[in-house]
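Multiple structures are listed underneath, in C-alpha cells.
First subunit A sits with subunit B, and in the next complex the same chain sits with subunit C.
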Partner chain A sequence: MADMYDEGLAMVEATGRGTIDLEQSAARLLKPPSRREMAKRPSIHGTVVLDDHHTWTPTDGRLLTVDDLHVEFRMREGVAKAINGVSFHLDQRETLAILGESGSGKSVTAQAIMGILDTPPGYVGQGRVEYCGVDLLTLAEKSRQHVRGDQIAMIFQDALSSLNPVFPVGWQIAEMFRVHRGMNRSDSMARAVELMERVHIPAAKQRVKSYPHQFSGGMRQRIMIAMAIALDPAVLIADEPTTALDVTVQAQIMDLLKDLQAESGMGLILITHDLGVVADVADRIAVMYAGRLVETAPVGPLYATPHHPYTLGLLESVPRLDSKLGDVLPAIGGLPPNLLAMPAGCPFHPRCRYARAECGQGAAPELVVTEPGRAVACPWWDRLEANHE
Partner chain B sequence: MGKYVIRRLLQMIPTLLGATLLIYWLNFSLPGDPTAGRCGERPCSPTYVAWFNHEYNLDKPFVVQYLLYLGKVVQGDLGTDFYNHSVLHELAIRYPTTLKLALIAVLFEVVVGLIAGIWSGMRQGKFADTFVTVVTLLLISMPVFVLGGLAQLIFGIRLKWFPVTAGATAGFYELLMPGLVLGALSLAYATRLTRTSLVENLRADYVRTARAKGLSRFRTIGIHTLRNSLLPVVTYVGGSIGALMGGAIVTERIFNVNGVGSYIYRSINQKDGVGLVGSITCLVLVFLIVNLIVDVLYSVLDPRISHD
Partner chain C sequence: MNDVILSGRGLVKHYPIKGGVFRTTVGQVHAVDGVDLDLRAGETLGVVGESGCGKSTLGRLLMCLETPTAGSLIFDGEDVLKKGATELRHLRRNVQIVFQDPYTSLNPRKTVGDIVAEPFEIHPEVVPKKGIRTRVQELLELVGMPPEAMNRYPHQFSGGQRQRIGVARGIALNPKVLICDEPVSALDVSVQAQVVNLLEKLQRELGLAYVFIAHDLAVVRHISDRVAVMYLGKIVESGDEEQIYEHPTHPYTQALLSAVPVPDPTLRGRREQIVLTGDVPSPANPPAGCRFHTRCWMAQEICSTKEPELISRDDQMGGHVSACHFAAVRAPEAPAQA
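Right, the complex of A and B next:
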C-alpha cells in the first residue's frame, strides 16, 4: 500500500498537473463565452402535453430511469457543468441513496428530475428522465406540474426556510389537495389534519392553524413530509432531510420515512452526505463526485469493499468508536474541482492518492460494471480492492 | 391586539404634546416681525403693533404664550390665526383638498409602484427591468419643483390635458396632476423596494417548495412569493405618508392648491405660531394614525410578528 501511495504522489508531482489546471482555468476566466455562444448551447425544452387523466403505471416495477443527464449553469464567468452524464434507476419500494460532498451535484440532480431548476442559469443540456415510461424532460410545463407533487414529491433540508412563513401549516398541506384535486377548503383541511396525524404530530387538530415558526425542527420536517406524501406520490426525493436536525430527531425522521415507504411502497431517493444515515435505510448507493456517478452498489458490498478511491476516502473519514485516542481522523485532501474548469481525465485524480499519469489524460472514465449490480468509474478499481484486502 | 392599540393610542398624547411644543418653540425662535408688511407700504403704527402683540400674546414670555395656547387647545379650540380666522375652521376647509391630494398620491404610489415593481422583478435583467430602473432613477434624482414645473409645461400648457393650477375649489380632476407629482418620488422608491424584495424572495427556499408542490407560476409568485415580498413595502408606504405630507407644502404651492400645505406655508411666512402649530399637529396626528394602522396590518400579514 505504501508503495502504491508513494508512486501515486510521485506521479502527481512529476506531471505537474496542478499548474496546467491553473493555466487552463485562467484562460477560461479571461475569455468567458459570449451571450450568443451561451444561447446557442443545446438545452431541452419540453413541449409534449399529456392528457390530464394520464395514468402512470410502472413497467416491471421500474419507476424512474435517469439516462445520461447533463445539467449546466450558464453564468457570466462561464459554463459550470454541474451534472455530466448521470444515469441511474429507481424501482418501487426501493431506497436509492445518492451520496456525495457539497457541490457534487446531488441536489441539482434532484431538481432536474423535479423540473425545478432555476432557469436561467440552470439548463438540462441533454439526457432523459423517464418516469413510468414517459420522458419528463419532453413534457410541457403544464404537464410537468401535474407530475410534480402528485407523482414525484420532494422534501428539503431546512424545513424552516422551506415552509412558507406566512401561511398556517395546515393551509400549506391542504393546498396540495386544493390545487391538484380541486378539493374545497374544509375537506382539504380535514385531510391535512389526517396527514399531520399520520406523521405523528401530537394534537394535530389544534395545531393545524399554527405557523411554521411555532414548531420545533423535527416537527417542521414532519410537516414537510406530510405535505410531500399528501397525494401518495410514487417517488419521494428527500434532499438531506435530516441534516439540519439533531441526532435523536434524525433517527425519528428516518424511521418515519421508512414506515411511510413500507405502507405505500413508494420509491425513495435519499440525498445525503451522511454515511451513517445511509447505512440503515438505503438499498443501493450511488456515489457522486463532480457531477458524475463514480460508483453504484448495494449498501453491504459498498461498505465492505469500496471500489472507487473516493468512496474509500469517504468511508475512512467517518469517525469510528473503535479508533484509538489521539488518532487523526483521515480526510480527503484538497478541494472538489472547479466546475468551470474541470481537470482532464478522471475528475478525482488531483485528490486521489492512487492516481497514475494516465488518470489525468483523455476523457473521464465511464462507469464499468464490475459485478452484477455494481459499477465503478475507475479503471484501476481491482488494484484498490486487492490493496484493500 | 386590543391592548396594544390602546397603548399606542395613549402614547400619541405625549407625542402630540411634544410636537406642539417643538413647533411652537421653533416658530418663536424664528427671526422677523409678524407685523411687517401688514399695513401696506408703510410701517404699522405703534398703537397697532401694541394691540397686535397683546391680542396674540406676543408680548408675553415663551412659556406663558405656549401655556395659554395649550389651554385653548385642551378646550377644543385651536385658536385664531393672524387673519383673525379660527384655525379649526381654516383647517376644516382645507383638509378635504389635502386628503384628496394625498389619496391620489398614495393610490398612485401603491398601485403603479407595485405593478411596476412586480413586472420589473419578474423580468429581472430584461428590457422591462432596465426600463423601470431608469425611469425610477430619473424620478428619484429630480427635485419635486422641477418635476412639478415640467408636468405643468408638458401636460398643462403644451398638451392641455390638465389645468395648469388647481385653483380655490379643486375636484379630483384638477388635483390629479398635483397628486401624481406628489406621489412620484415615493412611487419610485416603492417600485424599487417591491422589485428588490420580490427578486430576493423568488430565490427563497419556500418558493422552491411551492414549485416542487406542482403549483403554477401564477400561484407560486402571486400567492407564495408576493405576500412575503410586500412586508417591507407596507412599512415603506406607511412611512412615506409622512413624506407626502411634507411634500404637499411644496406641491400645493406649485399647483396653487388651497390645502393644508399652502396654509402651513403662509403661516411660516408670517410667523403665525397658532396657525402653524394647529395645522402641523393635525398632520402629525394623521401620520401617527397611519403608522398605527401599518403596524397592526403588519402583524396580520406576518404571523411571526405578534403585538401581544
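Right, the complex of A and C next:
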C-alpha cells in the first residue's frame, strides 16, 4: 500500500529530494525564456551542397556514425532536452535496436538522422550524424533530400496516417521513382507493382490502384516497407514498425524485414519498446532513457546480464508467456522524468532501487566501456551484478 | 455452480451495414456471434484475440453498453435483458468498466475528483452526499494517487496515472465485476507492470472478478485464472490458464501463442513459429464452416462445411473446450510451415 502511494508521489518526490532547484524551476515557470533568448541557443544549420552524383561508399562496412547528438525542443514552457549526447554506429547487414519507453527520445533520434525533425520547435543543438564519411547535419536541405529515401529510408509506426489517403498506393510508391529517378508514369507504376510483389502483397497488379483505407493494417505496413525499400537504401530505420499490429501479423512483418535485409545487406535500425521483438531480430541493442543511452550491448549478453539498473528493471517487469501465474511483477516505480526539468545527476536515480546519495549529484554518468562491445552509463554497474545474483 | 455471478448465453451482436440510396440494410457485421461464458466471483477471465475479433464488443455487451441482438445475460440469477430498468441499474452498479485509452476516456473538463465522484451521481444510494469527498480520497489512495490529485485535471497526469484514475472510477461503486478493456495496452512497459500489480492488489483486497480483455497474451497469462480465445466473433477455445498456454488444442491458439516473441535471445531460431498467412476475414462475411479454416494449415474438407462445436473432445480435459474438429495437443514441431 505505502509503496503504491509513493509511486504516485514520484514526481513530487523528485523535487523533494532536492534534485531540482525549486527556485530555479519556479522562476522558469513565472518568466519563460523569450523568443530572442531561444534563438540565441546554438543549433546546426547545414549549408554544404554536394554534387548530385556523389557516390556513397561505406568505409570498412561502417554505414552510420552518430556522435554526441543533442536535440532540444524550444517551447514557450522552456527548453525540453529530448536528446542529450547520443552516440552509436551502424554497420552493413547489422540490426541495431534502439529500445526505450515513450518520451525517451528514440523516435526523435530517428527524425534527426533522417532530417525530418519539426523545426521549430525541434533543433539539433550539436553533434554529428556521419553517413559514409559525410556529416549529414552540415548538408544543405537540397543535398539531404538526395540522401533521404535514396540512402536512408524510414518506416513509420502508423501506416494509415503515414500514407496519403487521397492517392492510390501504387502512385505513392511510384512517386519515389518519379522524384528520385526521374522515371515516367508507366515505368514507375510497373516498378511499384514489382515492389508490391516483393513485399508479398497478393494480387499486386489489381491492387496497385487501391487506396490506403482499402488495405488491412498489415498490408498497409507492407506498402510502407515497399516505399522505403524502393530505392535500395543502405540504411533502413523502422520506427515501431509492428506496434499497431496483431501478433500474428507482427510475425509476418518482422519476417519480411529480415528477408529483405538478407537480400540487400542493408543496415537496420529498429526502434521499439517491445523487448520480445528485439530479442528475436536485433544484433546489438542500445537502451535509451530520458534522451541518453544508458546501455549498449550485443543482444545475448544484454538479456543474460543487464548492467544498467533500468535495463534490469525493464527485463524484469515484462510478463513472460512461458512463466507462471501469481507472482507480483517487479515494476519500476515512479515515472520517467519531465524533460523540461531533468533531475541532476543520473536521470534514472529517482526511480532506481540501487540509487545512492552520489547518484543525484553532478553531471549524468557517461557511457563507460565495461567489456568489448558493451558500455553502460552507471558507475556502479559491477555492484548491480552482485546484487542481482 | 452457484458462485457464477455473471454469465452470457448465446450472446450475439450484429451491426447493420447501411448502403444504397435509401440507406437500407445491405448486410450485417457479425461482431459477436454466439458466445457463452461464465464469470465466477473473484476470478479473472482473460479474453484474447486479434483486433476485430469482437472481444471489446463482448465486454460492452457484458455490461449492457450495447444491447445484444440475441442471447441472454444473467447477473445474480436474473436475466437482465428481460427485466426492466431496475435490474439494469442493479447490473450497472455491480459491473463496471475500465477503458483502453486513458487519454479519451476521462473528461478533460472535469477535475479528477469530479470524474471519480461521477458514479455516485447516478447511484446516490451507495454513498451519502456528505461522504463523497472522503470516499473519493479513499479511492484515489487505494489506486496509489496522492489526494491532491482531486483538484487537478486529467491532462496533468501521465498515461499510467490516468489509467489509475480510470480504475478508481471503475471501483467507486464497489462493483463485483470489473471489465477491463485493454487496460494496459496504451502504457509503457514499466508503467504497465505497475497497473497490472494494482489490479491484482485490488482483486485481493476487494474480491473483484475481472473480465480482462487484451491482445497481449503474456499479460493475460500473468493475470488470468481462465482464458477464452476469440476469433471472428466466436470463442474458439477456453480453459484455465495452464490448459490454454501449456496445452493449446485449437490451431488458432497454437499459432497465436507461437507468434508471440519471447524476450530471450537464446531461444532465437530454436522456437517453432507458426506464421499464419493472410489476414482475418471480414466479419461482415465470415467463412462457412469453421471460421478459421481459410488460414488454418490443418484444414480439411469437413472444416469448410461443418462448423465445429465448442466442446471438450478429450475426457481428461475438464473444462477445456475447443472448437476444432481435430482439436489435439500437438508437439510444437509438428506444423513446421511458413
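Basically, the second predicted complex is superposed on the first by the 359 of 389 C-alpha atoms of A that agree within 3 Å, B and C clash if a C-alpha of one lies under 4 Å from a C-alpha of the other, contacts with A are read in each partner's own complex, and residues count from 1 in each chain.
The rule is short, and it goes like this: contacts are C-beta pairs under 8 Å (C-beta built on N, C-alpha and C of every residue); 3 or more make two chains touch, one makes a residue touch a chain.
Small disclaimer: the values here were computed from a predicted structure and weren't measured.
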| item | value |
| --- | --- |
| Subunit C versus subunit B on the shared subunit A, clash or fit after superposition | fit |
| Touched partner set for A:Met288, first subunit B, second subunit C, both or neither | neither |
| Subunit B versus subunit C as contact partner of A:Gln250, first or second or both or neither | second |
| Angle at the Cα centre of subunit A, taken between the Cα centres of subunit B and subunit C once the superposition is applied, in steps of 10 degrees | 70 |
| Touch count on subunit A, higher of subunit B and subunit C | C |
| Shortest span in Å between Cα atoms of subunit B and of subunit C, once chain A is used as the common reference | 7 |
| Where subunit A meets both subunit C and subunit B, residue numbers | none |
| Interface residues, subunit A side, partner subunit C - complex | 4-5, 7-9, 12, 101-102, 202, 216-219, 246-252, 254-255, 273-280, 282, 299-300, 303-304, 313-315, 317-323, 325, 328-333, 335-336 |
| Contact footprint of subunit B on subunit A as seen in their complex | 114, 116, 118, 141, 145-150, 153-154, 156, 158, 161-168, 175-176, 179-180, 211, 213, 224, 227 |
| Residues of subunit B that touch subunit A when the two form their complex | 203-206, 208-217, 219, 224, 227-228, 301-304 |
| Subunit A partner contacts - residues on subunit C that touch it in the complex | 50-51, 141, 143-146, 149, 158, 160-161, 164, 188-194, 196-198, 200-201, 215, 217-219, 221-225, 241, 245, 255-257, 259-268, 273, 275-280 |
